[in-house]
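Okay, so subunit A shows up in both of these, paired with subunit B first and subunit C after.
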Partner chain A sequence: MAASDHIVGRGPNAGARVFSGLMPRAEAVAIPLGALLAGFLAFSLFLLFLGKSPAEFYGLVWKAGFSSAFSWQNTLSRVAPLIMAALCVALPARLGLVVIGGEGAIVLGGLAAGVTGTHVAGPLGMVLMALSAMVLGGLWIGAIGALRIKRGVNETISSLLMAYIAIALFNHFVEGPFRDPGSLNKPSTAPLDAALRVGEMPFIAAHWGVAAGVIACVLCWILIDRTTLGFAARIAGDNIRAAQVQGLPVGPLVIGFTALGGAWAGLAGFFEVAAVHGSANASLIAGYGYTGILIAFLARHNPLAILPVAVLMAGFEASSGLIQRRMDLPDATILVFEGMVFIIILLSEALYGRLRIFSPGYWESR
Partner chain B sequence: METVDIGLWGVPLAILGGAIRVSTPFIFVSLGECLTERSGRINLGLEGTLVFGAMSGYAVAYETNSAFFGVLAAAFAGLLFGLVHGWICKFKGVNDIAIGIAMMLLGMGLAFFFGKPYVQPVAPDLPAISFGWWSSIPQVQAALQVNVLFLLGGLLAVFMTWMFRATRVGLIVRVVGDSTDAARAMGLDPDLVRLLATGVGGALAGIGGAYLSLYYPGSWNEGISSGQGLMAIALVIFARWSPANCFWAALLFGGAGALGPALQSVGVTQGYYLFFAAPYVLTLALLILTSSTERSMQGAPLELSLTK
Partner chain C sequence: MSGAGAISVEALHMTMRFGDFTALDDVSIDIPAGSFHALLGENGAGKSTLVKCIMGFYRATSGELMVNSSQVKMTDPRVAQQLGLGMVYQHFTLVPSLTAAENLVISRADAPAVINWRAEHRRLTEFMAQMPFKVPLDQPVSRLAAGEKQKLEILKQLYLGNRFLILDEPTSVLTPAEADEVLGHVRGLTEAGQITVLMISHKFREVTAFADAVTILRRGRRVGGGKVGEISVEEMSETMMGKAPETSERRRAATRQHPVLALKALRAKDRSGLKSIEIENITLKSGEILGVAGISGNGQMELMEILTGQRHVSAGEITVKGDAFRATRAEARRHKIRYLPEEPLHNACAPRMSVAENLAFRIFDADKGGRPSFWQDRRAMAKNASDLIETFKVKTSSPAARIASLSGGNVQRAVLGRELTGDVDVLIVSNPCFGLDFAAVNSVRDRIMAARNKGTAVLLISEDLDEIMELADRIIVMSEGRVSFETPIAAANIVEIGQHMAGHG
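Here is the complex of A and B:
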């Protein structure tokens, strides 16, 4: 009975039905992975053109980034600021805002943490450092959201301008009022007390910032995908006028999401200072904010997808030194590699919905 | 040259000189981006194009011993980067902003990769014209040393203003930028127009890069650009997509950037690092003053993803 089959939803072939259900999900995995491989292939051609061995290159990336406990430590030590910088792009992006100035919040967050750290002590002191970093980062990026809502200022340009202003402020304070007289060659705030330094996690040789980054991503995913607030934000992101007509609080949503993103970027600054550098100095201005933009777009602004993309990126960067030494290539090799791979992954977005094997109908018709 | 003490007059003079010297890359990148954005697409990769233009311009100028060929090579390299960006972005579902960031990474990577051998050698400089002959004061003469590319940039701004207002090409770019559907209905090929607009925009950004390495600061190294490419893109929005405004915005931005060094030269050293922020603070303040929620983004091409 064809009609009743239709009603209870049993297809002619059970196997095909499983496929038709799985395929849209498989598409979301298969397309980026295929694009990653295509990117590797393109870079292999570049290496062959230069007379270098692709096998050696990928062997070294694997070795330095992902093969052993030591290399994972190397990778994970770089991942925390990337995750948080990406959240600073992804959260506003869900509301349709392109914020590209996360670097400013990272730098100011680090400054706030470093300066607070010279006045406080103990575990509570560490909390205060983290809070001051998050508050300053949140205010900085939240102001960009507020300018957008209250004055109609384009957030992309204002965030970029404010990132440069943040760096100038940072240099002013680190070279001037908050400079530790003992830091001669590299102006820094006073070195943090050992009790205020963030340590490493048990079992995993990486600092607690990694755990904080994972928690931040999970929290943001819950916020966006599982709460009414997130639902409202997604509607506003799709169509801001429709959201306003529906009576959704678009203004508070925009300011709240940008401030939250800025708070995460500020927290990245805190961990860079408290776990890595030990004081606020120019090492904080490392371009994490800009790498974070790319990670967020590659993850399609999905907080959970940010995690694997950030780990991949961190692993690539961790392998830079080894490749430079072993293969006698410039340190920019990894930049070229990342550029090629990510362009091809972004290009692959054009394939969604185009490949017939991933459409449910393709399998049901067999 | 012996310096003459001209007191506080040195400050406005240094600002004028700085504006002329520093603004040229901003003029070229922002005019290039203006063309691209008027066709309805944004290319954030121009920072990478600028850096690659600086490298390739310097390398070719060194090898051929001609700054002119250097500029040509930089323009050609920029054209290629622009065409790649334009070609990739024609596919549906591809985000032009993200591609721009990835292209920025690739452009800087390739420039540093192939530019390593050219950090040491000295390439010929671009010629400058001295407009300060009438004065005997060396500071005036120094401030009025004007590079040919600055003058070309000014002419280009005038030309583009005329092009958008009065020519068929300008009309085609504007139609494509404002409505893909209307352009199709007119029998135009929007993808082709955007491809060409992005390509030419890239070529202009490449020339901006060549100015950096061949005139001011006048050498090639990995720190040659301090974000001029990104900033120039912001200036386009600030200039409301008008080529003439792009020129003035670049000049204003360059002048504000010269404020710190100018004040330092007359003995004001307090807050030296804060003066680095002057051009950004000024731009932001003007942007806030001129923006409004009611008439948001006047002059914006309607197909532009950034302001949609």
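Here is the complex of A and C:
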């Protein structure tokens, strides 16, 4: 009897059934992990081709990203925007949309926070800054979802192009109407009042944005995995026709999820301004939005998996300077690494459902 | 390439088996040079198998093929091309962004790596001058009307030197006027002795107006045929559909019937966006099965999409028990409306979600009292899954398995279980037995009849006329996006229905 012929309830034993229930989850962990390792390997070959030592590279990544309290500080300082940028990819992706323009929502969120910060004061002011950043980011990415639903515009292209527009708008406002006359070398909005700056968390050398990122991921995981809205979104993301036949509100779901993703990216902009730079300036355009794409794909768009993956990628990015100095490699080396991992991740998508050890029946038939 | 002049094709005792299944059973067909031959049959009658054997896409299990009275081994589509056999498909095979001239030149097997366009244009103009009909050569194909594109497809075959053309439902994407024009030109070419034509068609009108002779297939066998004019439309229709099936063994209980679902003066665009769906009046009553018959592509798919809220309605109204209905989830739940779209894995399931999750589609967002709930109730979903899997005998390795890993019959049972549990007032079904084996077909039809007997109003859209004759209480026929005919089952005459299906009312 073939494995798929079993009628449930007549399986060999309860243990095998529990195990088989876990296999789809095991697949979602094992395949990206394997792809990541394959990416490490491919990048090692690239380094050997350049005549550099892969061992030295990974050693330096460890040293600069994870080995000491100082290197952890370096890593964690980059984690918050990466987490939120990844959510901006993962949430729309659960509805089947590939949004790659989170960078636009980050810079606009930063701009909104920086400008709001010049008009408000006190703890309530900080909340207003964060809200304005989330609203602007949410509107920006939500518009991409709306364009998709109402006009059939490809969201991948529109989000990428709108990111360029967002950056141009950002530059226009920071160098023009909202420029602080005092910022001579680097056009910026007015420096934030000390009371509006987000501080460090106790015991951990990282600002409160990291905590906000963790909370955001947990909230999004609850939304997708535990609420009926998330269930409806998963149906729509897997098969839009089935969702329509069930009468589910596909349009509002798409717009809602894209807007929520954009809101998190906007919040990343707020933390970059309020916790790191102290004002909105060109330092905000740091490419977090693009690294977020890689993180979301590595995490299979699972909000909880985003957390460890974001820490790993932040470590790699934090080591970029050290690698540049010690290995005499250009700054863009990390981008080559990220690109290689990304391509292998996309290739690994073809493996899902093909590996027999992950099919529930495989274990029940033993 | 062959020289000028039509060529004859004769197939003798063609049999094609796929494993245990015999798609074509000892079929012979003789098409003399310069004739216009029609091949009639329902879906799955073996028409495509026969032409694919002739064209070399399939290697017939047994049988012989004669071209111009000499036996040939048709091992490869290239052999057919060399002998001058060409095929025009139901859907266009032109490159839309290229001009007609470019499409013609690149279609040649011997198109050079560097094309001298000036010389090619000169040759094409000379070629066109000899043709009975013209197509603008320098326009991108995307700007041509459907009729022009179909003419270009035929010109392409002539340009390639083909003298025996197989036309696979060539008019299915054309308006009646365009169809008449294109077929008129084809007819002219055969009369001039330039080509021989074998046309696959469902439409009796076209067959009687343009063809010389007809061959009728049913279930893989040649069941009839002859010269057009000697065989009547009634005979053709009866031979094509077969005798009316024996009366159903399924018990048809007496039910109380009152109107439930009404469609009035509906207007919508069809799939192509060119033609329109115009439904004046359909009323569905409780405790009846209303069968919607029709040949694929006459608006049934669009009707299903309208009823499920997937297609924009430009005018008219749908009412359920007197209330306007816009196919929202709340309305469908309040009025107890359920859908069984065709190919359930592709239209009613999320293939990458688990069996248990797919079984929960209807209940996941309501609590036990039917009120909307915010949190997923995982325990209720698991219980729902194990109940349905057991009641509807869904064979799955585990409720956690992806639904895409199930066989077609099991997916259909799972979806039936999901949609037929609880009270159902309206059930809208489309081709429920597509691709299922005999046993699965019977259990699906039993469920539909059982629902009707319990008082459910069933709208059964099906391309399988046997299925409709077996299940329906009342039959309507859709043709060209309209309801062209209606009859109660007691007065249903399969010949008459067949004629209306073929647009020959």
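Here is the rule we go by: the second predicted complex is superposed on the first by the 281 of 366 C-alpha atoms of A that agree within 3 Å, B and C clash if a C-alpha of one lies under 4 Å from a C-alpha of the other, contacts with A are read in each partner's own complex, and residues count from 1 in each chain.
FYI, a residue touches a chain if its C-beta (ideal position, glycine included) is under 8 Å from a C-beta of that chain, and two chains touch if they have at least 3 such contacts.
The model shown is predicted, which means the values in this text are computed figures rather than measured ones.
By the touch criterion defined above, A:A232 reaches subunit C but does not reach subunit B. Legend: residue contacts after superposition of the two complexes on their common chain; A:L147 is shown touching subunit B, with no touch to subunit C. In the superposed model, A:I204 makes contact with neither subunit B nor subunit C.
Once chain A of one complex is fitted onto chain A of the other, the partner contacts of A:G247 are limited to subunit C, with no touch recorded for subunit B.
When the two structures are aligned on the shared chain, A:L355 is found in touch with neither subunit B nor subunit C. In the superposition on chain A, the residues of subunit A contacted by subunit B and by subunit C overlap at 352. For subunit B in complex with subunit A, the touching residues are 44, 48, 88, 91-95, 97-99, 101-103, 105-113, 116, 222, 227, 230-231, 234, 237-238, 271, 273-274, 276-277, 280-281, 283-284, 287-288, 291-294, 296-297, 306-307. If you check the complex, the residues on subunit A that touch subunit C are 3-9, 11, 17, 20-21, 23-24, 225-232, 234-235, 238-239, 241-249, 352-353, 359-361, 364. Considering their complex, residues 308-310, 327-333, 339, 341, 346-354, 357, 360-362, 364-365, 372-376, 386, 389-390, 393, 395-402, 404-407 of subunit C touch subunit A.
Interface residues of subunit A facing subunit B in the complex, by the touch rule stated above, are 98, 100, 147, 149-154, 156-158, 160-162, 164-165, 168-169, 171-172, 175-176, 290, 293-294, 297-298, 329-340, 342-343, 346-347, 349-350, 352.
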